[in-house]
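Order as written gives the chain letters A, B, C and D; numbering starts at 1 within each chain.
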Amino acid sequence: MLLAAGVDVGSTQTKAVIAGERDGFRLLGRALVDTGSNVQRAAENGFLAACREAAVAPEEVGYVVGTGYGRYKITFGHAQMTEISCHARGAHFLFPATRTVIDMGGQDAKAISVGARGEVLDFVMNDKCAAGTGRFLANAAEVLGLGLDELGPLSLAARHPVKITTVCTVFVESDILSYLAQGKQAEDILGGVHLAIARRTVSLARRVPLEAAITMTGGVARNLGMVRALEQVLETKLEVSPGAHFAGALGAALFALEKMDAGMKAGNRRPADAILAG
Amino acid sequence: MPTATDHLVERCREVVEDLSLGEVRRWKQEHPQAAAIGYFPVYAPAELIHAAGMLPVGLNGAGDRLDLQHADARFGSFICSIIKTTLEMGLTGRLAPLDGVLFTGICDSARNLAFVCERNFPQQSIEFLHLPQNPASSASAGFLKGEYQRLAGRLEQLGGRKIDDRGLQAAIALYNENRALLRALYAQRAAQPHQMRTLDLYLVMRAGNFVPVETHNAWLREALAELASPAAKPRDSLRIVIEGSFCEQPPLDLIRLIEDAGCYILDDDFLLGRRWFSEDVPVNGDPLGALAESYLDRSVYSSVRHDFRHRRHLLLVEKARRLGAQAVLFLIAKFCEPAYFDYVLFKRELEAAAIPHLLLEFEEKAFTFDRLRTEIETFVESLLFD
Amino acid sequence: MRSSPAEARPSAPRRLYAGGVDVGSAFTKAVILAGPAGAAAALEPAAAAEFAARAQILGRGAAKTGVAMEKAARAALEQACEQAGLDDAELDYIAATGLGRYSIGFRNIQITEITSDACGAHFLFPGARTLLDIGSQSTRAIGLSETGRVHQFKTNDKCAAGSGSFIVRAARYLQIPLEAAGELALEADQPQPISSICAVLAESEIINHVSAGATVPNILAGIYDSLADRSALLLKRVAAAEAVVLVGGVAHQRGAVRALERRLKIPVQVPENCEYTGALGAGLLGLRRAAAAAGATA
Amino acid sequence: MPASIPSEYRGRMHQAQRELMQRWYERLEESARSGNPPAVSLMIAGNCVELLEGFGAVPLYPEINALQLAIRHASLAPILAAEELGYAADNCAYVKADIGALLQGLTPTGTRLPTPALVLCNFVGCNTYVKWFEHCAEFQGAPLTLLDVPFLRTDEPRAEDVAYIVRQLQEIVAQLEAITGRRFDAERFREAVRCAARVEEAWSRIKHLARRTPSPFDAYFDAITLMGPLYVYRGRPEGVAFFELALEEMEAKAARGEGLYDQENFRIVIEGPPPYPFFRAFRDMFAAWKAAPVASTYSTVGGLWEFGFRHDPDRPFESLALHMLAHNVTNRNYLQRYQQIRRYVEEWDADGVVIHFVKSCRLFSAGQGDMRDYFTRQLGIPTLYLESDLEDPRYFSTAQIRNRMDAFFEALEHARATGTHRRGAALVRANGPAPGDEPAKVAAGPTLRILD
């Protein structure tokens, strides 16, 4: 079997996917590690972990495409592609009807307009200021003493979301603290935080056509509260795969397979949700 | 118990805060054949629109009451708020009661906005008026008169009544009265700033953007009789003049905050277009010519009107001295390039004249003012507790 | 809170005591001051200022601001009182400053942190004309008159780049104690530039530097340089300074001081208890008010 | 000017360009020394440099100084100096760099610059420019006058507008006569207009050469090299000689079938000014993808000639007026700019549009999001939106810009690989809306051939 890998070295987390081609596309393994301070090491660790899960030897992998902000640091990679191309490709694979991708990661947010074949038509991204990104949420979680995975569910319980005034990821802390001091409920504060980010993201995303189906990818897609907040502001439903976090790595793996000249046949694709949900 | 003043002010606040232009909709229901024409700041010859039997509607943004969802994408970073809130109002259908919108070339952003509106609101007629910037030329008055004629022609095409001299003179007289009343209110406040809340004055003035000038004149007469509360005790506040808010308007809460933080506002340039002429426009003779000449020779100075014959920075110093102001507060809309530029020369001149000043930036869409409050308080403290 | 302390202690010409509380975004600081002996009658403003200039610092206290600002203020004040050997009921006047100044119910007056900083710095360095305060969330540049009056100031926008929290986060990232950061930076031989204007995004640059093998001191020095750049911009908009007094918590960090000195090419003075400058200034202004009103209460 | 602009192609014209620009600085220094020739400050946008020839006066373009400083990586210090004076972080950095340099006595080439005999603010579109000139005059103590050019707010320029401008031009002639003590030489002026028409013809032909595949001419980066002589020497025989030489070289290149790269991969239209402090880096990013800039709006700031307009020696004043009014990008309205770009995509056969948003210049950038919406949503033309600044190095992030650029070209490549790729007229037709979908204002062709 032809084996390929996609490694998405994000600012926060590194995602790796091992894929193969036999009677169509097969997703064999995936892994998630914190990027930490050694980008190169994180890339290696992610890749090796995914190989272990796929039960293949690293040498068997014929082609590796790196993506994400640390893609140039992947020493073992064969090619690099931008995360924009990879998220578009991954999202299209997960939901072939995708026309817009909203990717929210640790340090940036982007919106990508894609064509019928998953090709990028247009995109915007916010990467000068961390306001309104996963980091914003991570900070909020820290201040409230919550785990990342508790954020979303709690925010959904909000009845009177507060108005969040700051957009700065660092200073959202003090906003939250002052609301706590006023006796506001954590869920209302979180509701406000989620809405604030959703508004910011949507106003960025509107720079591309925002046609349906809109698929959300990136780590923040794991946060159901954020998904709902975005849906509320957009007034439309989002497609979210349980494997949304891996969309970039998956896209990179798809490109890797293609580049390996294995020739991916359109008919052989199948939704990878089940596998990815793992 | 609410007083008559409270009542007037509350009524005006409702008119001002109604983002869907309820007053304009109502007027159009009452005048089914007539059109309403919006105009973007700073100055527009509302007299012409009135004389065509139409309702002139002043557009001054949407303040903090509108959540920007679309306009940010069209105008991007580093562009002032009023551009975006105005576009957002249009993109969300709030400008629908307007049959046309009139723009002038106050700045590069506003000019581009006019044409972005033209593309996005095909149902509305977008007009662009070029107000001459070289009043020293002998050709300017004739050009402006021609420009007004062109506008009059367009208004007539849009279903307006034929604009004749008599009708235009009557409209000018009404607007002369409107401006005279505003001048009187401003004079009242400058004389006894502790007796009149600037926010009240402001709301009554701004409500005039949405109602026929006759109605507004009645409101202003009422305000002149009742807005001041003679019993109010003077506080130990800093007497200031505000400069820089000629186009995008500071949020209402910010206007209130300035006084709460210890300032008396002797003069400001809020809604400058409503008080554009320093004297009455002559009503005898050629009215178009009179409007044009008044624009060139008898209007207030502004950062968006170029007149190299009179230097704005000297005029500001003169104004501050005349009113006995202790300081100048620059209240500048973020990303308002004309205001930023003028600040440099203003600052130099004020420093030479030993008049203290403070520069504050605001955005009409802002709704918390902790930092601004701190800055104003510090400024006041530094001058009052020396 | 204070009604008539004079009644509590009848021994007539007692000293006036004032407390200054600075409720900052991260820490709340309090200072207790005593006026010079022998003031009883109400003083004219100028005399009151002169009176306050001879005040004596009796105690200091600090607490984490946290969510309950008033509680933090009490804690800081109590700690300061303890050091001063006073009961808080003996204070004639309490002035609150800092971002939480309005939350302190027991204050007699609130004063902005800029006015307080200026007053405190003037007390410590009467010759100071330019002041820089780098706190956890904000940076302020202040130009002073000869009398310690604020005549120009600039504060940064709501952006953490260039303020103390940037350093706190960087230290956490580099896994070194905050207290050590300033000293470590002094060992730099090749500062690594940080180009991002965002304090959060700068972290990825920091990571890059780490993985490229840059030493911690060199990275820290780069961070301090970027901090200094931003402060310098602010300062330039206030005054052309010959020397600058640096206050606020970041002044503890010698790396920041050195970076500023290099960037500004002028000497940077740091008061001993730099983070208390605002509280001190508030206390001094409070003492002035107390002196001006003393006749009424005595 | 762009003496130091690195160019891929180095022909005789580059040498000639350097010499011409050097001579210009020498003339300015001469003016600074002796007052002869008199110098007159002028704005590049839709400039009327021909008029100055009637006085033997030399133009002083503050914009060229500003861009020179940026290209030489020397713009930050004067920008900071200007900010110290009270200019805002968000003021146009062109102005800040120029004013800062003025106050610091800094000039881009180290040669002296004269105090202008007149600061002539030809207000052709840019409001910021009026403030700029007002401040220049204030800080230099020079007389100031404004030539008010009505904005092109109607489809056709109006006779009233032309008459208004002509009248002011005559007033300026009188004013210049009084200031310089020289008589206006009407014949020399006419001759200058004649030269201009020849320069414009050659320039236009060069631009049309870029319609070939591969394009022999870089209509963005190299166009900037030619813009110096275009604005300084348009009314002079040296200018004619220069542009005819450049045309000859480009035609020869085209005849040999030479393009910008060994292989031309993509053809793009660029909207917006370049990031001068990172000129080279920016250019290299396009070169890395072998993307050829075949047309640009920035190169039409001083004048838009590729659609047919020429100055007319038989009606010199009127043609000056028409040029300022209608035949430059800054005084044309925003939708006319959309139309201009659309024509480039169609007629110059481009793959997509790159919109460079520059923070400083609201004239260019206010509304570029809507422009992008028009091209992507309404016409289906691939569009890349980049943000930085033309003068202030603090707003350029190499990594971010490269990332966006890579993604854009990856997408074009992918489209090619999957067979969905289209270009130029086919692109506009294939993805463009059905007739009638579009607001008429945008669909209407621009009226450009007024003089022929």
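Some notes on this structure:
Everything that follows uses one rule, which is that a residue touches a chain if its C-beta (ideal position, glycine included) is under 8 Å from a C-beta of that chain, and two chains touch if they have at least 3 such contacts.
The structure presented is a predicted model; accordingly, all values stated were derived computationally and were not measured.
Comparing the CA-atom centres of all chains against that of chain D, the greatest distance is found for C. When the C-beta pairs in contact are tallied for B-D and for A-C, the bigger tally goes to B-D.
With each centre defined as the average position of its C-alpha atoms, the distance from chain B to chain D rounds to 35 Å. Centre-to-centre spacing of chain A and chain C amounts to 42 Å, using the average Cα coordinate of each chain. Averaged Cα coordinates give chain A a centre that lies 41 Å from the centre of chain D.
Each chain gets one centre point, the mean of its Cα atoms, and the points for chain C and chain D are 51 Å apart. Of all residues in chain D, those touching 2 or more other chains are 86, 369, 373, 397, listed in ascending order. Taken residue by residue, chain A touches two or more other chains at 127-128, 207, whereas all remaining positions touch fewer.
In chain C, 99, 158, 197 are the positions where the chain touches two or more neighbouring chains simultaneously.
Chain A makes touch with chain B in their complex at residues 163, 165, 199, 202-204, 206-207, 233. For chain D in complex with chain A, the touching residues are 369, 372-373, 376-377, 380, 382-383, 385, 397, 400, 403-404, 406-408, 410-411, 414-415, 418, 420.
Chain contact summary for the complex, chain D toward chain C: residues 80, 83-84, 86, 394, 397.
On chain C, the positions that touch chain B within their shared complex are 45, 99, 111-115, 118, 147, 149-151, 153, 155, 158, 285. If you check the complex, the residues on chain C that touch chain A are 25, 65-69, 99, 103, 137, 158-160, 165-166, 169, 173, 197-201, 204, 206-208, 210-211.
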